[in-house]
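First chain A sits with chain B, and in the next complex the same chain sits with chain C.
Our next item is the complex of A and B:
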């Protein structure tokens, strides 16, 4: 095993996959071990394709994918012993009980933790003897997650696990994922278009749009660097394009500047042009995501 | 080869489809009982049921075991386990074949025993019975291959219709080969060169379809 393999749970280099109407374009992505990465993108952005390549279910046309040190898709069998994968569109066997599924997974994975499985049954309010077809959507998602968590995987890959869930179920699942991370060696890649969920549990954030990674960094850095400056600008003064400003909207005397590399000097720079800084606002992850996507699309179109 | 996991997948398919197998076996046995209950009509009805069970099972098993896994979105769950797409395909071929062969072999052996002991038909019919019984097996093989490689319910239905409607035509063609039909009312089973050639051809065709299925599956780049 190389140093890189031990350092990163996931490593994608220049991964490209072409479909007729969609291209996943030279994806570079690194998830250090022991971290949670939120992969945020709109529907059709390429989250699921990226995850399927990571799981060896789709073969990339070019580029390298390594998961837990294994080259994908060639070494997918070895890698999948230590990966727990659940996706929004994954279903269990309707005619069988949750208990049957637990027995089935237990027969395959020697790491299956019976006590933890029982604990999860209780925490998620599930009954092993109930057939899958009688479960609500939330209970099905929790069942799938129970089957994944109780096998104690090194890496959890979750493709939109909270989509369509009520707030209580979402909270239960996110809380459980936080518990999982108490074990420092474990890593999670968590895709979603719900930025609130991602913001709640992630260490790293990656934005993906139209098949391209548009930004990827530490969550705290994102929240630190992105700011919205509300300005009052006397008529006749043109605001210059300062470095770190990715969007500037102006209406009469009022302007809003969006920065992805905010430093306090930026406010002074605007003041020096004659503008008055009314307010400097922090941005939510959702606002950052939208601003990032719009900026990226403008760049591509230019 | 990851045998234990493949084994678990095969057992899983068995557990999920055991009702279907039991029903097929039950109806097949009823059909065989009918053939020896006396009278021309029950015998004809039993014979028709016997082949209908084989034909229906040859379409229903691939639909239930393979296509439903995609349709009901349980494929992602199975592919999250430590198996490759080729190993998954091998598991599907093994479980599907085993599930079909259990009633097929049971019913065929039962028919042979009834011919030998209860004389429900002359022994001379045995080569033809085997040749005819191989047709649903070939159909099953082709339908399973379509289900695995084609990944679509539409293709499965089209090939099922094609197979089920062509059995009768192929039987008609086989019945026109004199060296196959000359001895079928005789007291002894005679394995004429024509009978041996047709049987070998049927077995060869099955092997070819199986090899082609696994070859095509191993070349797939996108599995889900």
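Our next item is the complex of A and C:
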């Protein structure tokens, strides 16, 4: 059913979708098989639209979308056998039990793993005999996730799987996602505005802002490019705008420079102006997220 | 060696810490044969106390590197010993594969571990590796102290004196412990 010869679980090329007040603009994105990609962006950045196009729920105006080797939306029926999709607006039947839903999904998908489903019930602290209407938000999210995980799909597409969850539930879900990755043939794409989750479990990071991809790459390479340099600058010395510096704040003798293309030479360059480099700090994804969004918005506005 | 009894998925303890849990995953295929499985896990396949701290500002790969080095420095992991695969450790620590890969790559560059394609990774067989790592740790701390002293404008004589004092204090505390 799937073309295992394709190297990428997901491949978007020049995908564009225009709405009246929002445009998803020429999205290029590649997720290699066996990896987790975290899709980061503020509310309304275009994460969900991108995911909907991947799932064939929204049809792009132009550009190509391939998922597990299938062209979307044309081949979505074939693709969906091997994709597990969960998003917040997916409703379960309120008056039915979780067990009823499990049986229902099992009757459709031959890959359903009963033992794994039972294990997930225990690990998520859920009970099959409970009706959906009595469940908390966290329990509903975990139920929906259980229903896709137990099918053991090749690709998981999860729209905000940890949003609105308490720390314990979040931890349970992240743990399940990393366990999925013990199998190197499986891939995950998930969106989040919790940068800590993305930093922890993603192999690939994609930043979306205002309908465009700002960055999309290997997480380690990406984090490694960003640094904050704390400088002590004698009064009277002006700091030049070095390439790779996207932000410079100065107050009196102290300055903080932010770089998105750090090389050790940058520190030497500052030293040669007469400034002293006090510290070179790595940045968390959260700090990068904010610096990056501000920077790219400035560029657009200039 | 640690021996554990494990009956299919049923006894798979949900609250068990992630480490043992992850180690069991690699025995997954055995589950198909019988309900009752006797599995023997050798201690070395378990990262045990390798944990990541969220309040530690350093990148995760550096934290992983440091903790692996510590295990070697204290002698828990010995020269030539096999260590968990990249994917296994990623599952155990609940971090991305790419982060562990980076840590292993850097450790290999430093000559601490050796990764052979298809054979997994093991601690490098360099004699005295543990001692060397401790020595390096000491060196780093000394340099850091010297750097701060320079920032404070402290002459090196005074730094030497302070170091001697610190040594004396530790010695005194040890003596007190013996008396108790």
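In the analysis below, the second predicted complex is superposed on the first by the 297 of 302 C-alpha atoms of A that agree within 3 Å, B and C clash if a C-alpha of one lies under 4 Å from a C-alpha of the other, contacts with A are read in each partner's own complex, and residues count from 1 in each chain.
The criterion applied here is as follows: contacts are C-beta pairs under 8 Å (C-beta built on N, C-alpha and C of every residue); 3 or more make two chains touch, one makes a residue touch a chain.
In this text the structure is predicted, and so the values were computed from the model without any measurement.
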When the two structures are laid over each other on chain A, do chain B and chain C clash or fit?
fit
Can A:256 be said to touch chain B (first), chain C (second), both, or neither?
neither
Looking at A:52 after the superposition, I want to know if it touches chain B, chain C, both of them or none. Which is it: first, second, both, neither?
first
Figure out whether A:87 sits in contact with chain B (first) or chain C (second), or with both, or with neither.
first
So in the superposed three-chain picture, is A:108 touching just chain B, just chain C, both, or none of them (first/second/both/neither)?
first
Is A:290 in contact with chain B, with chain C, with both, or with neither (first, second, both, neither)?
neither
Touching A:119 in the superposition: chain B (first), chain C (second), both, neither?
second
Give one of first, second, both or neither to describe whether A:77 is in contact with chain B, with chain C, with both, or with none.
first
Chain C versus chain B - closest C-alpha approach in the superposed model, Å:
26
Contacts on chain A seen with chain B and repeated with chain C across the two complexes
none
The chain B residues in contact with chain A across the complex are 2, 4-5, 8, 12, 15-16, 72-74, 76-77, 79-85, 87, 221-224
Hey, which residues of chain A end up touching chain C in the complex?
34-36, 115-116, 118-119, 122-123, 174-175, 178-179, 181-182, 184, 196, 199-204, 218-220, 223-224, 281-282, 284
As the complex stands, chain C meets chain A at residues 8-9, 12, 14, 18, 22, 25-26, 31, 54, 57-61, 87-88, 90-91, 94-99, 101-102
Which of the residues in chain A come into contact with chain B in the complex?
52, 55-59, 73, 76-78, 80-81, 83-87, 89-96, 100, 104, 107-108, 144, 148
